[in-house]
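Presented sequentially are two complexes of chain A, the first with chain B as partner and the second with chain C.
Right, the complex of A and B next:
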C-alpha cells in the first residue's frame, strides 16, 4: 500500500477520536486562555482579570505553587525510596510485602482519598488518637491537620504508588550488570541507588513527577474537602468565582496561572529530554 | 555525582532487620490507617471526642444511605448509567483509533499519540468550567449526555493507548493468513484482530468505567444542578459533617477500584502493558 492512502485511511479511523479531543478539549482550552484577557464590562481585551486575580488571590496562588511543589518533591523522594528497595532489596519477603502494600492507593479516587484523610487527620481522627495513646501528644495539644498540610499528605498518599510504579518499572528493566559490579566492589545499597540506579532512570522519574504535578494542580475535590480555613488552592477559587459570581474572567485568569505552572513543569521536562537526547549514551 | 562521598559503614545485621521492619510497618500504617478509619466510620453510630473508638457501633447509617430520600441510591444509579454510556462512547471511538495507531509505520504516529495525551497534560479545572460555559449554550449542562461527554474525554487517552497496545500485541501473521484465505479487511478485523485484542480492550473498558465513576470536577461544573453522581453526593455529605454517610459512599466508590487493582494483571497481560504509550 502506498503511504498517502495509508495515512488517509488511518486518519479516517482516528477522525472521531481526534474530533472529540479537538472539540471537547482543545477548543475549551483555547477559549479559556483567550477569555482570561477578556474584559466582560467593556468587551475589550486587557489584563484587568489578572490584576484582579492577583490582588484577590496572590496568597492562594503562592499556596498552590508551594503545596504542589512540596508534594511533588515528597512523592519523588518516597517513590525513589520504595522503588529502590523493590529493586535492590535483599530480603525477598520484605520486597514482596512492600510491593503488596504500596500499591493500594493507586486506584482510589482523589475524592475518596480526600474523604479518608478528612476523618483520619481531623482533631478527633485516628492519627491524633493513635498519637495520644502512644503518649506523643496530650489531648490538650491535639491539632487538626486539615489545612495545607492535610492537602500535602493526601497528595503524597495518593500519588506515591503511581510514581513508584513507573519508577520501579524503569528500574526493573535497566541493565543490572553495573549494580552487580558495584556490589562486588563493596558499595552500599544506598550509594548504588543514588549513584548508579537513579541517574539511569532519570527520565522515568521526570515523567512520573510531571504527571503527578499536573494531576495535583488539577485536583478540585481535595482542597475543597480538606482545607477548612480561608486560604485555599486556586482550583477552589476558580469554582467559587464561577459558581458564586459567574465571574469567568477572573476564573480564567487563575486558570491561565495554573496552565503557566504546568507549562514551567513541561519546560523542565523538555529541557531534560533535549539534554539527554544530545548526550551519547 | 561521583564526587559525592557518602558515609559507608556496616551496621550489624539485626539493626538492618529491625529498621526494615519499622519502615515497612510505618508505611503500612500510613497506607491502611486512613482506610481503617473510614471502615470504622461506616459502622459507627456515635463517636464523641475524645473517645478513641466509637461509643456505639452498628449499621444504622447503612439503612439511612439506602433509603430513597437520602439520594445515594439515585446517585449510584446515575453514576453507573453515565459510566456505562461513557465506556460505549469511548470504545466506539478508541477502537478504530487504536487500530490505526497500532501500526508502527504510521506517519507522525508519535504526534497523534501525544495529541490524545493532551487532556491529561493540562490542569483540567479551567477547561471543565469553560466546557460547562459552552455546553450551557448548547443546552447540555445538567444532562447525562453532557456529563458523559466530559467523562469520555478524560478517559479517552487510556482507551486509545491501551487499544493501540492491544492491537499491536496481536501481531500481523494471523490477520495476513485470513486475508490470504480471501477475507475482506473488515472481516479479517472482525473475526481475527478484534477477538484477539479483546482482553486488552476489556481492560481499557474497565479503566474508562473507573475514571467515569470517580470523575469529580467535570461533573461538578457540567452536571449541576440535575445530575448528581456518587462523588458529588459524597462531597455534600462530607461538607455537611455527616461522616457516616460520607464514609459509606466512599466505601461504595472504593470497592470497584480496589477490585480492579487486585485483578488488573489478569486483563492486562505484560506484553500489552509494556506497549502502552509506545
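Right, the complex of A and C next:
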C-alpha cells in the first residue's frame, strides 16, 4: 500500500509533464476536434463543415489513405529485406556497407527530401536523364513522376531507414540458435527470413509501420512540393483552407478525418502494447 | 570543497552581472525596428541586403530586424494572426513596427482595425497615386498603405519552341489544342501565378469582368462562370501541371513545357542571376492578366511609430524606388512612375519594359477580383474544375 505522501510526491513529479501535455497537446486537440462541428455563420453546431469537406475533398481523402497505406506496405517490404540482409547476409563487406549506407535518409528532413525529389523525378530530371543515357527510356516517352507516385517514392525513401533501424535492432537481439539450426537443416535464407525471423519480430515490424504511417499521414511539405495538379493530400487542403479563406471550420473537419485515420493506427498500436503486457514500445 | 563551491558561485554571479550590465547598456543605445515581410525570399533579401542597411546608416543607433513569413495569402495570414493575438490580449504596444502584407490580407486587417492611418503624415504620401493605393480587392485602404511595388503576371515562353506566341486567351486555347502538353501552369493551390492564370481566364470568358474587378459584389454577376469553368476543365486535360511559381520556371528551363504563366519580377531576377535560359521571353495575354502590389503598413499600436513612418518614407522615396525596387529587384515602382523615372538612367528603365511595354501594361494589366468574388472564384474552381 502506498503512503499518501508518496502518492503526493509522485503526482508532484508528474505534474509538469501532465500540464505540458494537457496545455500543448490535449487542449488544442480537443478544441480543434470540437470546432470541426462549429458553424461560424449560424453560431450553432452541425455537420456543415464535414459536408463541405467531403464534397470538395473526398477524392483527396481517398488519395491520402491510398498513398499512406501503399507507402506503409512498401516501407514494410523493403525494411524487412534490408534488415533481413543485415541479419542473415553472408558477405561481411556487403553487410557492413549496407549497414553504413541505409540510415542516411534518416538525417534528411522531409522538406529537403521533397526538394531533392522535385528535380530528381521531373520529366527531364536526373532519373529520366540517367535512364535515357542508358537507353532504357527514349526521350519521347519520358514521364514526370511528380504526382502521387513521387510522394510514394519520397515517403518510402525517407521512412525506410527508420523502419529498417527498428526491425534490424529487433532481429539482432533475437536468439540466433533457431536460425543456425534451420540453416543446419538446409533451409534457404529467404525461407529462414519469412518463416523464422519475421514471425519473431512481428511486433517490432508492426510498431515501426504504425509510426511510419502516422508520420507520413501528417507530412505537409512532401505533397505540397511534389504533387503538381489537382488531386493532392489533405494536409495541403487544410493549409489551403486556412491560408486562402481563413476557414478553420473545414480545415478542422479535414483534421478530424486525418485524426480518425491515425486513430485506427493508434488503436492497433495500443492493442499491441497491451498484448505485450501494457508497455507499448 | 565547500570553499571551492562558494567561489564558483561568486564567479558565476559576477559574470552574470557583467553580462546583464553590458546587455542592458546595449539595449539602451539601440532601438530595434521590427519588420515582418510577406512574399518570397527576394522580399526579405530586399530589406536585409539593401533597405535595412541604408536606414541604419541614416539613423545611427537603430537596428532593422526583418522576418519573412512566406508568399501568398499564407504569409500575410501569419502576420494578421500575430497582430490579432496581440490585440485580443489588450497589449498596450505591439512588437511589430512595419509589415509588408499582400492585398487580400491588408483589406482584412484594415477592416479589423489592426492598422494605423499614417500615409498623410509622411512626405512621400503624395506619390501614392495608383488605384491599388486606395482599394485592396474592394476594401477601402486609402491612407493606411503605401505600395511597395507593383508586380505583374505574364506568359513566359520559349521562342525556340513557340514561333508565334499566342497574344490572347483565345489564341492560347487554339495553340494548346494543336500542341497538347506544351503549356503548363501551377493550378490553384500552388502559388499565385497559377491563380492569376485562372483569374485571367475568368476575365476573358466568365463575363462581367468590370464588375468582378470594381464591384459592387453581386452573385448574379457570376452567371457566366459555370460555362467558363467547364471550358477550363476541358482545357486542363491538355496542359501540364507544375509544382509552384518556381516550378513553372524550372520546367520551362528544362524544356518540359514551352509556355507558362509567371511573375514578371521573378522572371527578370532569375534571368539576371543566370538561373533561366537567356532566350526565354514574356508576353501578356489579352484581354488581361492580373498583378498585385505589396504594401507597407504600420500596426495600430506599433512600438516605434515615428521610426516606422521614417522607414516607410525612405522606402517610398523616388531614389530608393529607382535604385532598390526597379534596378536591383526588377519590380515595377509602387509610387508614381513619373517621379521614379528621372532618378534612373533610361537604359535601366527600358530594361524593365523589354518584352512587356508600358502600353501592354496599360491595356492588359488587371487587378485581382474583389475579395468576395475572389473567394467564390477559388471555391468554384475547386468544386467544378478540380473535382
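FYI, the second predicted complex is superposed on the first by the 257 of 281 C-alpha atoms of A that agree within 3 Å, B and C clash if a C-alpha of one lies under 4 Å from a C-alpha of the other, contacts with A are read in each partner's own complex, and residues count from 1 in each chain.
Just so it is clear, a residue touches a chain if its C-beta (ideal position, glycine included) is under 8 Å from a C-beta of that chain, and two chains touch if they have at least 3 such contacts.
Keep in mind it's a predicted model, so treat the numbers as computed, not measured.
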Touching partner for A:118 - first (chain B), second (chain C), both, neither: both
Contacts of A:55 with chain B and chain C, given as first, second, both or neither: second
Which of chain B and chain C A:239 touches, first, second, both or neither: both
Partner chain in contact with A:144 - chain B first, chain C second, else both or neither: second
Touching partner for A:24 - first (chain B), second (chain C), both, neither: first
Touching partner for A:266 - first (chain B), second (chain C), both, neither: first
Touched chain A residues, chain B compared with chain C: B
First, second, both or neither for A:126, with chain B first and chain C second: first
Which of chain B and chain C A:8 touches, first, second, both or neither: neither
Touching partner for A:45 - first (chain B), second (chain C), both, neither: neither
Chain B and chain C footprints on chain A, overlapping residues: 118-119, 123-125, 224-225, 239, 242-243
Contact footprint of chain A on chain C as seen in their complex: 72-74, 77, 108, 186-187, 189-190, 236, 240-244, 247, 250-251, 254-256, 375, 378-379, 382-383, 385-387
Chain A to chain B touching residues, read off their complex: 3, 6-7, 9-11, 13-14, 16-18, 20-21, 24-29, 31-32, 35, 82, 91, 94, 97-98, 101-120, 123-127, 129-130, 132-133, 139, 142, 157, 186-188, 190-191, 194-195, 199, 211, 214, 217-218, 220-221, 224-225, 235, 238-239, 242-243, 248, 251-252, 254-256, 258-259, 261-262, 266
Chain C partner contacts - residues on chain A that touch it in the complex: 55-56, 59, 118-119, 122-125, 144, 146, 224-232, 236-237, 239-240, 242-246
Interface residues, chain B side, partner chain A - complex: 1-2, 4, 6, 8, 20-21, 24, 27-28, 30-38, 40-41, 47, 49-50, 52, 92-94, 96-97, 99-101, 103, 106-107, 112, 115-116, 118-134, 149-150, 152-153, 156, 160, 210, 213-214, 216-217, 220-221, 224, 231, 234-235, 238-239, 243, 246-247, 250, 253-254, 257-258, 260-261
